[in-house]
């Protein structure tokens, strides 16, 4: 079975067993995504890249959990909105490739990343 | 090949071709995750669930792109931090299952979702 | 003395006494603003407007603290960037008034709020 | 008249003239606060403190507008929730002073800032 479907099925089974779908409005789920993303960001605040590296060993499991939480909501919301996230991802990568052609984008900073 | 590795490889090839790794501090990448999550949230602001449904047809591709952007940064950051996101995800699901046992959590609102 | 200056002076004295300015890069301070804003948002997640009202009495002090935290960082960052926040605010209100003339904007939803 | 009341009155008159209160659920207003905070953060992403300083001249007005937008929502939400933001702010500063006594907090990094 496909991995993404496999992970999504895990989420759906978890939710179904607890009868939680009733609470999952799109808006509140999208808020969860933002909240989890900011929890992740908090790990890197007030730290230089070197300080992050120094603390990584102790924080790796915790940061992995934050990333897992974000993935959880991405997969759940994609499912609820009937969006095939893999197809959407590949389509976006094609779009990014057209938007940032290698010859122009190579090694260039600018504020291009934001609009990925 | 595994799907998650396949998508990650797409990201790494994209970045390598543009020589963008030099800009990807953990902090700035985590900021990207937050910014993309808020872009997604913006689609649901000032709308009821019904209004979201009414507008979904026109917005589905755009929302799919936002979800893809979030997934992009989740996979990229997991790679850079040497975190196996699938393993982290499955471990977190086990933890969630212990934290919210079916018999106690079933149909219960509370502020349990936040801490997923 | 002006109130905004008065509150700003409180912040600066607090920071000076603790010698914390050395940690306040713009980026990390802006991250604090986002983190505090999401803490506020968390109070309203998974709740209808009526449920918020029902819980307000117990949460009022806590929500007031979140709003105070946001104001703290707004005033601190304005100071550090040498931005007169009152002047900036009044200028923005003028701009908003031009952007949303009463005759056109009255009672209209649309996605106008976002761009305030 | 007090400055904070003066600015709040400007907001209320602006809103009243456009009949926009009907759209201002607490949740959506809190989302606005988050969205504006992330717009501010975006100005500092992918930039070192020095790069921010180099670009400040050109961005100062724009950053001032973002800060003004955040203040707008802080004052509006405080009003709607019947929270006296100045009182809440001063109470929070007292709490912060107790939480971070000068002798202990002076010059100390730690993750104390987050919980301000």
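In order of appearance the chains are A, B, C and D, and numbering begins at 1 in each one.
As a working rule, contacts are C-beta pairs under 8 Å (C-beta built on N, C-alpha and C of every residue); 3 or more make two chains touch, one makes a residue touch a chain.
Values in this document were obtained by computation on a predicted structure and should not be read as measured data.
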Pair sharing more residue contacts (C-beta pairs) when A-D is set against C-D | C-D
Between subunit D and subunit C, distance of the C-alpha-averaged centres to the nearest whole Å | 2
Express in whole angstrom the distance between the two chain centres, defined as the mean CA positions of subunit A and subunit D.
-> 27
Scan subunit A for residues touching two or more other chains and write them down.
-> 23, 27-28, 31-32, 34-35, 38, 41-42, 45-46, 109, 113-114
Draw the chains as points, connect those that touch, then say whether the picture is a line, ring, star, complete or other.
-> complete
Mind listing the subunit B positions that touch subunit C in their complex?
-> 27, 31, 34, 42, 45-46, 109, 111, 113-114
Under the touch definition given earlier, write down the residues of subunit D that touch subunit C in their complex.
-> 2-4, 7, 10-11, 14, 17-20, 22-23, 25-28, 30-38, 40-41, 43-45, 47, 49, 52, 56, 60, 63-65, 67-72, 74, 77-78, 81, 83, 85-93, 95-97, 100, 102, 105-109, 113-114, 116
Given the complex, residues on subunit C that touch subunit A span 23, 28, 31-32, 34-35, 38, 41-42, 45-46
